[in-house]
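Next up: the structures, one after another.
The same chain A turns up in both complexes below, where it pairs with chain B and then with chain C.
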Partner chain A sequence: MSDCKCKDKDLNIVCRCEDITIEEVRAYIDNGVTDLEQLKRMLRVGMGPCQGRTCTPIIIRELSVATGKPVGEVPLTTFRPPTSPVKLGVLAGGEEDD
Partner chain B sequence: MRQTEVCIIGGGPAGLTAALKAAGLGAEVTLIDRNDYLGGQLIKQTHRFFGSKEQRASERGINIARELAEAVEKEDKITVLTKAAALSYYKDGVVMVKQNERIIKIKPQKLIVATGGSEKNLMFPNNDLPGVYGAGAVQTLVNVYGVKPGRKVLMVGAGNIGVIVSYQLLQAGVDVVGIIEAAPKIGAYWVHASKVVRAGVPIYASHTIKRAWGEKEVAGATIMKLDEKWQPVPGTEKELDVDVICLSVGLSPLTELLWQAGCKMEFIPELGGHVPVRNEDLETSQPGIYIAGDAAGIEEASAAMMEGALAGLNAAEAMGYKVSDFKEQKEVVMKELNGLRSGPVGEKIRKGLAKAIS
Partner chain C sequence: MTRTADAVVIGGGIVGCATAYNLAKKGLKKVVLVEERYLAGGATGRCGAGVRMQWGTEPNCVLSRDSIKIFENLEEELSYHDSIEFKQSGYLLLAYNEKMVEQFHKNLGLQHKLDIPSRWVTPEECQDLVPHISLQGLHGGTFCHKDGHCNPFKATDAYAKAAQRLGVEILTYTKVTNLLQDRDKISGVETTAGIIETPLVIGCAGAHTMELGRMVGVELPIYPERHQILVTEPVAEKQGPMIMSFYHGIYCQQVPHGGFVMGLGDPNEVKDYDEDSSWQFMHEMAAKITFILPALKDLNVVRQWGGLYDLTPDKTQILGAIPEVPGFYVAAGFSGHGFMIAPVVGELMADVMLGEQPKYPIDMYGVKRFESGELYVEPSVV
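On to the complex of A and B.
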């Protein structure tokens, strides 16, 4: 968000892969974005190499507080392949016996 | 495409024992691990385990890893793929693996997911400064590579990992300035905690980290007290002169493949987060997909080995392999597991499992 000065110093990073602060996430939540899927699309949280392993548990707690839903009822995003980064060349290279 | 009877993902304590038990019953096993060695986190455990003989009490984790890995490599029925990362699981029962920049597809008849856990992170200003580490990273640096992470450490979290890593830092000649724990009581076993206390390391219960200091790297930390409602108490700030902040605030089960497989999942805080619902045999809601170790719920390595044994036995038996002492083998494992989870230390796990087993 353009009025967010949280990039200046004392960074409190929630998503290490995409360098996103907890303040940025909270600003979006305060503006009504209370869905992890939307946060992911708008902020890229959870879209880096670790695929949300670090930030998702923290963000769903924030969403739970904001929405009053228990953490277990906060919808997660879809777990798509691949689980870890893979070069396109490897995929294009086909299978071992091709 | 490779066919295999039992595919095990993860070569840590759970995966290794699962492979040995399944092969012991006669099943043909493919064990894959993303590292170039077997043993998982066990290879960093330089301390002695305790418990019973079956749980390899008084042995050091690293030696258990060597022993299990050797046994697995000697077993003709087990094919080991190292440097092999499981990328995905598809609904037609195919596991896609990347090894040596090549794709391998594996179609197993039974799958055991023993992928372990990943470390949780903590929010505080400057948590991105160099010098902020996860406890696992510190343990790798110190115990595997012989590299000190810094000179003066603040350990955040007084569970078993936090306290054991603190002791191992002391052994490596690194000063541990203090251990803080948000809960009013420490989570670590007294056997481990008393060692660091005897060495003069203060443990601050009901304390949290308020912030880290430093321009280019950690130059200090501020800690503060928490009240009964876990809220920071103003005026209780304490500055610590440290260059390392080591986070040991718990683990989350690594469950991506289980989500992809469509296993029924449940959020169970006592087990570390979202975990698959399972039956007593460690089979998930997807028939033929089993779980063991931290992926099934965060516990100790001893429990992971016992769960691996149980999953391995059950997967092989479900394949149709019979041995005359199957019931006895299973009973021994169950007895060990129940022992590990008994008493006050096992209360949290028992509570979590009660919600996870259907």
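On to the complex of A and C.
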């Protein structure tokens, strides 16, 4: 899938699709970006093929700490189709799904 | 709570942020920007963010040509520490029938008069520019190397941060619920966070600007229309130019991050506020793009979404004062190309709101044209 331009292996990657570390997320939160919609757009967390299945729960916890809101009250982003990646050729109807 | 401001900007898309920045840059002290969602939560954050000078009417050519000059130096002008990811690898507009060839040559004539470096390219030259393009049905195209695209969140963020440094106050998650008048004149705005008294208001609320007009009894001819778009997984760089086909109603670019972003205009789309994405779009988009660029068939789509165009009857924006309501200004109705002209629009709007002579005449963009019938019908839109 995507070519991994991995940074320092010792960093704590939260978003594996986009290679984003917890430190990067915290830096944005410290600068006042305290909603998930904005973080997604500025950092691409949750924009990769897994659509945030791994990173969203971790980031929600960070936002909960930063804003004092309970985890259940931190607003989520809209989930965008498709649920898992699909090839253009398959969508176009020219190929069987593999 | 009631507060006061010198001007209130309604809408936190690229147009609102650029206008607020320019008002503050011109010395206005208390500018408040009110955004119902978050910055770039409307069309701006959902758009293809392509910028091109290759248009079919003089106003769009001039506004985009000069805005692209601003994009080229935007990070510097706004002291932005991040990148707006501006990629200037050109737009290749494709012609699939004789009528389009004719229209494109007409457009080139106009563009050359305005010093736009566009040129005709044969099908083979199209393939030199985009090696994976199919020649099937292709009559040729036009190319301008100065065209390109950038990251719309970052560009909006750049304007917003610069505006804040100049003292602009930005209220997100705050909705304007009414416009207040003293007789006819604007006297303030009512928001979900209280009233802001102000003599100057500008509506940069995309398709919702129509509702702002209704709050003061003005019927603005702006209609929402959903447009859908998708992005693939990132891959190594293989496509420089943005390609666009008016015949298929599609555009497709590879962003610096590696993903291919593509969208299409559906002539049967109903005019309402629906922003949802549809399954039909994915199939139609995939069928059209794999006809033009067959090699993309192996790319995985990772996300699709929808956004609203704010359409006017002549597909040209409405800019300027609303004569019946002194103090009320509008910059909306961008009909799918507001991102690329926002840098200049922000400057022009700040000029007219402060009673100064704008750098170009803007009367032709006024709302009165729909009564007088002097329309500027733009032929080159998807």
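Here, the second predicted complex is superposed on the first by the 84 of 98 C-alpha atoms of A that agree within 3 Å, B and C clash if a C-alpha of one lies under 4 Å from a C-alpha of the other, contacts with A are read in each partner's own complex, and residues count from 1 in each chain.
The definition used in the following text is that contacts are C-beta pairs under 8 Å (C-beta built on N, C-alpha and C of every residue); 3 or more make two chains touch, one makes a residue touch a chain.
Keep in mind that this is a model prediction, so the values were computed, not measured.
In the superposition on chain A, A:I22 makes contact with chain B only, not with chain C.
By the touch criterion defined above, A:Q51 lies against chain B and chain C together after alignment on the C-alpha atoms of chain A. Contacts of A:K87 after superposition: both chain B and chain C are touched.
Set side by side, chain B and chain C differ in how many residues of chain A they touch, and the one touching more is B.
Of the two partner chains placed by the overlay, only chain C lies in contact with A:M42; chain B stays clear of it. Shared contact residues of chain A with chain B and chain C: 51, 80-82, 86-87, 89-91, 93-95. Of all residues in chain A, only 1-3, 35, 37-38, 41-42, 44, 47-49, 51, 78, 80-82, 85-95 touch chain C in the complex they form. Those residues of chain B lying in contact with chain A across their complex are 1, 34, 85-90, 96, 98, 101-105, 118, 120-121, 123-128, 211, 252, 254, 256-257, 259-260, 266-269, 273-274.
The residues of chain C lying in touch with chain A in their complex are 37-41, 45, 153-154, 157, 231-236, 257-258, 277, 279, 282-283, 285-287, 289-290, 296-305.
Contacts from chain A toward chain B in the complex involve residues 10-14, 16, 19, 22, 50-51, 53-55, 57-58, 70-73, 76, 79-84, 86-87, 89-91, 93-96.
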